[in-house]
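Next, two complexes with subunit A in common: one pairs it with subunit B, the other with subunit C.
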Partner chain A sequence: MDSEKEERISIKIKVLFFARARDLTGMTDMSLEVSPGTTALGCLDKVITKFPGLEEIRNCMVLALNEEYTPESTVVKDRDELALIPPISGG
Partner chain B sequence: MDSGGERLTASEIHTELASLQTAKAAIDERISTLESLLKNITTEDESETASSTPAAAETPLTGQLTADMIYRYSRHLLLPSFGVEAQSNLLNSSVLVIGAGGLGSPALLYLAACGFGRVGIVDHDVVELNNLHRQIIHTEAYIGRSKVESAAATCRAINSTVRIVEHKEAFRTSNALDIMKKYDIVVDATDNAPSRYMISDCCVVLGKPLISGAALGLEGQLTVYNYNGGPCYRCLFPTPPPTTACQRCADSGVLGVVPGIIGCLQALEAIKVAGAVGEPLSGRMLLLDALSARIRIVKIRGRSLQCEACGENAPMTEEQFRNFDYEKFTQSPLSTSPLKLDLLPEDARITSKEYYEKNIKGEAHVLIDVRPAHHYKIISLPNSLNIPLSSLEQRLSEISEALGRKEESASLYVVCRRGNDSQRAVQYLRGAGFNLAKDIIGGLESWAHDVDPKFPTY
Partner chain C sequence: MAGEEEEERNLIEILEENIPIDITKYINYVQSPHCGAISTFAGTTRDTFEGKTVLELRYEAYVPMAIRCIKSICTSARSSWNLSSIAVAHRLGPVPVGEISVFIATSSVHREDSLDACKFMIDEVKASVPIWKKEVYSNGEVWKENSEFLERKDELVVPSHGRKCCGKKVMVIE
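Let's turn to the complex of A and B:
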């Protein structure tokens, strides 16, 4: 019962990892469940709690929601795609 | 030469080859010198006669294009959306490519081929064998020689009508403004964080569009910065990544074709900007994921009013740029020379030669190789035990067991590729009770250099 209720009031987004974020998490993407009203920043915090290694690049990456730049205050919606894009400097 | 009757021994052939190669190098050197002399004379002539009629052979038939140009660039001219106008724009434009490596190689090949009026190349490096899998502008014959010379020679061989300018120097705040001033468009094909900030700032100071590409591993990124009021590199990344997050191709590896693709796309964007056609990739970032064959284009933020380089309040000046310490800002060196840590006291280290001697004498010891497993698979020292640094903490018992199988006074040595991770490992091991652990200074590279020249390096 509780979990059903939980499902109804939580939304699911997809988090995409690029470059260094991919190395640090060991994955290209993951699904993340958050409560409605969560901001991009809230999602990022949750991802970093899961992968503390990401802390090293949290201030130097581009956050994109559904392939568009997003301020950290944007509220995410169900099925949104949040991309963590740190810069690559190799060549 | 008819060598029908000749019977040469291998050593005679080697000798003659060596002498011919020396002579060839001298000739190449002389050609390059003469070309650059000629180039200067041409530049002077042009500036003197800028307003006078060009030489007869060069007389433009249509607009600015000579008969040779029309034939050479005919496939461009046939494109309705490109045509004479865009081609003329290219011919009147100049582009500076900073870095003649994995990105710069394909970019330069296309920029020279497509008919830019002038192409500048900046690099201070020499061609190495381990560059050739991706730096396709260079050939084996140029190993050990300047990348700029090598790239310039290839560009001239493809298109002798383009003026190729060689800048055989590192791009630094001291020379950046003077070099960049002479060009319309800048292509960032470098391989390190401080250079990326420096080049972007310099473009902001001088108002030049920047075609920025990057590649590492199996991923690539591409953006046009500082174009038509769009953002600069600092707008996007005001805070530089920490040193630990700055990876280099020399450490992390790169699939050769990945910078190849990004470098080609950089040439494409440079052509669009110079030709004034299409929509350059400004305000957007292209992300290439080679493994999954996906290209994503992400809309990025616009110019930041608070940006330290291009912001409203404090646009960067030439003087501020000259005095800015990019190495300090990014905590990483402009040159690509690898980091050299010095974490341990002298008595916690031995040289590769000392290790070799101890090994020959049969000293009881355990050798731990702390490189990642896929490095260990490339090459390793005999009888070494691979425990990657990242799993050292969890696998201490294996070290105790290995030591337990030896005599009581067995030594513990740690090796890695270059001698940095081995120091980190020894520091950790000493803290964990392995008080006699020592690292091999300079790692396997020093082994190859000082002990066994045949030992493979990578």
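Let's turn to the complex of A and C:
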């Protein structure tokens, strides 16, 4: 990170909700502002603060960043697309 | 929507609501004069679950990621078996009882490859492709959870983990 006032600049990501996650939040997606350096987990924590109902599926879901499964430790970038993936049930 | 054709002859389709799966189309797609085998799997909606009457299943998907995941599964299958063509179709929206929700067709010179790959394909689809179904009963509804996913979810998110769905595309051979 640059030594300038980068911390003051927030980045904006899009968060997607599917299936049970959508039912719990009542929306398909939302825009989320976080500070640079925030991890996927940090974003998730912020989303759960906004929608505490998501706690219900927290331990059984995984995250995807830009259409790929991602570890929670990945740092997000501006305009990233973070998806909450509740247990899948295709087939 | 989202038809996908590659030089490796993979056809991947996530079908919008109310479009039944035309299995003939996919069987024809994988058919080839040099192949001695076509194997298919059709997943159909059951009318009961643990004694409850199921009215219909409703599917939804994270479509672009689902297509990427299925592509990745095709690549994995081709690395393990000698396959000619692969077709995968999955319906979205309501699927009435008895109808096909997912269809897979594989073709190969000899039957072992297409048969084994077909089973691998459906197992992987159930474990890693972001598609969801809600079971609708006469007195309620519930989001289903594939045991294959719950068993494997921790490895799905391991970065650059070999052939896992949607892992980093380090395995792509030009």
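One rule holds for everything that comes next: the second predicted complex is superposed on the first by the 79 of 91 C-alpha atoms of A that agree within 3 Å, B and C clash if a C-alpha of one lies under 4 Å from a C-alpha of the other, contacts with A are read in each partner's own complex, and residues count from 1 in each chain.
Criterion: a residue touches a chain if its C-beta (ideal position, glycine included) is under 8 Å from a C-beta of that chain, and two chains touch if they have at least 3 such contacts.
Quick caveat: nothing in here was measured; it's all calculated off a predicted structure.
After superposition on subunit A, the partners subunit B and subunit C are seen to clash. Of the two partner chains placed around the shared chain by superposition, neither subunit B nor subunit C is touched by A:I48.
Contacts of A:A19 after superposition: both subunit B and subunit C are touched.
Of the two partner chains placed around the shared chain by superposition, neither subunit B nor subunit C is touched by A:I11. Touch criterion met: A:I88 reaches subunit B and subunit C at once.
Of the two partner chains, neither subunit B nor subunit C is touched by A:M30. In the superposed model, A:V62 lies in contact with both subunit B and subunit C.
Superposing the two complexes on chain A places one region of subunit B into the space of subunit C, and among 7-15, 61-69 or 205-213 that region is 205-213. Subunit A residues in contact with subunit B (one complex) as well as with subunit C (other complex) are 18-20, 23, 60, 62, 64, 67-69, 83, 85-91.
Contacts from subunit A toward subunit C in the complex involve residues 16, 18-20, 23, 60, 62-64, 67-72, 74, 83, 85-91.
Here subunit A touches subunit B in the complex through residues 18-20, 22-23, 28, 56-57, 59-60, 62, 64, 67-69, 83, 85-91, going by the rule given at the top.
Listing the residues of subunit C that touch subunit A in their complex gives 43, 59-62, 64-66, 68, 90, 101-102, 122, 125-126, 128-134, 143-146, 149-150, 153, 156-159, 164-168.
Subunit B makes touch with subunit A in their complex at residues 99, 101-104, 189-193, 196, 213-217, 219-221, 236-237, 239-242, 244-249, 252, 254, 259, 285, 287, 289, 292, 296-301.
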